[in-house]
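There are two complexes below, and they share chain A, which is joined by chain B in the first and by chain C in the second.
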Partner chain A sequence: MSSANARNVGIVIVSHSPKIAEGAADMVRQMVGSAVPLAWTGGDVDGGLGTNVAGILEAIETAWSPAGVAVLVDLGGAETNSEMAVEMLAEDRRARVVVCNAPVVEGAVIAATESSGGSSLAAVKRSAEEFYA
Partner chain B sequence: MSLDRAAREKLVRALAASVIEHANELTSLDQAIGDGDHGLNMKRGFEAVIATLPGLADKSLPEMLKAIGMTLVMKVGGASGPLVGTFFMELGKALPEQPARADLVAATDKAIDAVRARGRSEAGQKTLLDVLVPVQAVLAGGGDARAVAAEAAQAADRTTPMLAIRGRASFLGERSIGHMDPGSRSVSLLIGAAVKVLEFEASS
Partner chain C sequence: MHDAHASRAGETSVPLTASAVLVNKVGLHARPSVKLTQCAKKFVAKIELALAEDGPWTDAKSPVKVMRVKAPQGATLHFRVAGADGEAALAAMLALVHDGFGEV
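The block that comes next holds the complex of A and B.
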């Protein structure tokens, strides 16, 4: 989103269900408006429930920020595919993308709220992960 | 071991057929302890691999394996994409164009390490590693084609009484006991298919 504050940490939402991913993104937007770069992806390449690496790479690109990108995932395959996508990024970007160990909806909202205040990638990740710890 | 173009294509088609023909069985296994999409996911992945023929078989063996791995990573859609895909990609990176047995032993060892890292898992957790690790041990110990294929089948069977610790089946806790791990079954089918082609090529 062009009006997003491009210097804040970007948020990517990855769910097996495109509806969940999109709905979680709606909730994030309601909280933080366009203060953070945001993208979502969900579904396998045929549109069924699942996740796919190409979609995740595209979402990371959309939500890219020099401060980095925090990825929120739902279940196992979303995490494995997200980690695979991170490894496929250009080397200078790889270290600036983290997959958070947090619930996808709550984690995305909390991470985005933290990011909207200008926090670092590490702080954004920590805030998402600590909420349910 | 040297595989000419025809043999490489035969290998790809045999690998793909082994999972595509068992897609329903794999899905049934996954419905019992997972999310029920494993057969469909693997079928989609290997159909995408087949779609890259004939060009795929023009590549050298290592390049062909890497390409298969990348297609699986991009197309499978579940965790098995990155897991099985990583195995093929790393195997391709580690193998020379005309591997001797020792090369295959070393390359499979490396590829299994990469799968462990990708899944943050070890053998004994009811995953594909429970087939890959014991089969690799038979290969490393000098086992012939028959011994490798037999171990692949038996190792998949041995996942039935295991408690799932990684993956979606781990949500079921003790209810995961008594069902074969679908990923282990897939890998065992792939190994069985590969062994059959390689054995035929070695004897012809």
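The block that comes next holds the complex of A and C.
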């Protein structure tokens, strides 16, 4: 992830399943390239299916970009835990992290594609959310 | 075009068009769509594509819209570009399609 461009919006993938999260990240890397800061997290603290706030915070930290971070989530807890993680960020960072209303795999690829072209956080979110438009 | 760009737009206000046949096996599926939009985003020109000469036109900078075109192998992709770097943009789009997005 060291080759990622600090100008580009970071992408965080949050799934109940670490395999899905990692697999989605693999798709992003292979299809979009390495210009985009990217991190994934999945599973609860005991290694089972689920999500955890600490893991999400760490992923946001890893994918952090001054341009902001777009978070892609799968179901229920992934979304609420992501929102909780955003709430826990320092105030100056909070406004630069958005949870997208988009399918996790497709949304991650599209968000990263948009980000790789240097688009703003708002444009990255809008593009990912086009799937439900 | 806005008035501020009128002097530049004077030369490029007429859109450039060209077409190319999709040669890669799977057509304009996910990966080629990503490559195409990434390439399109490098230019300031407005870039659109269509499966027919008279449209409907799709924004080539939108990965979701480009994937929805579902252009199969053998389809002719029509491009319409307008803007200061339109010529270079059109050449880049055509090169990408001719090369089968690097996956033929």
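Going forward, the second predicted complex is superposed on the first by the 133 of 133 C-alpha atoms of A that agree within 3 Å, B and C clash if a C-alpha of one lies under 4 Å from a C-alpha of the other, contacts with A are read in each partner's own complex, and residues count from 1 in each chain.
Just so it is clear, contacts are C-beta pairs under 8 Å (C-beta built on N, C-alpha and C of every residue); 3 or more make two chains touch, one makes a residue touch a chain.
Because the structure is predicted, anything quoted here is derived from the model rather than measured.
Colleague: Overlay done on chain A, so just call it for chain B and chain C: clash or fit.
Modeller: Aligned through their shared chain, the two binders fit side by side on chain A.
Colleague: Where does A:D92 make contact in the superposed view: on chain B (first), on chain C (second), on both, or on neither?
Modeller: neither
Colleague: Name the contact category of A:E83: first (chain B only), second (chain C only), both, or neither.
Modeller: Touch status of A:E83: first partner only.
Colleague: Kindly classify A:L75 by the partners it touches after superposition: chain B alone (first), chain C alone (second), both, or neither?
Modeller: A:L75 contacts chain B only, not chain C.
Colleague: As a test of reading the superposition: which chain, chain B or chain C, is in touch with more residues of chain A?
Modeller: So, of the two partners, B touches more residues of chain A.
Colleague: Figure out whether A:D46 sits in contact with chain B (first) or chain C (second), or with both, or with neither.
Modeller: It touches chain B, and chain C stays clear.
Colleague: Between chain B and chain C, what is the shortest CA distance in the superposition, whole Å?
Modeller: Result, nearest C-alpha distance in the overlay: 26 Å.
Colleague: Considering only the contact definition stated at the top, list the common interface residues of chain A for chain B and chain C.
Modeller: Correct list for chain A: none, the interfaces share no residue.
Colleague: Show which residues of chain B lie in contact with chain A when the two form their complex.
Modeller: Checking each residue of chain B against chain A gives 35, 37, 40-41, 44, 73-75, 77-83, 85-86, 118-119, 166-168.
Colleague: Spell out the part of chain A that touches chain B in their complex, as residue ranges.
Modeller: Answer in residue numbers: 16, 44-46, 48-54, 75-77, 79-81, 83-84.
Colleague: For the complex, which residues does chain C have touching chain A?
Modeller: Within the complex, chain C contacts chain A at residues 30-31, 34, 37-38, 41-42, 61-65.
Colleague: For the complex, give me every residue of chain A touching chain C.
Modeller: Interface residues on the chain A side: 31-32, 109-110, 113-114, 116-119, 127, 130-131.
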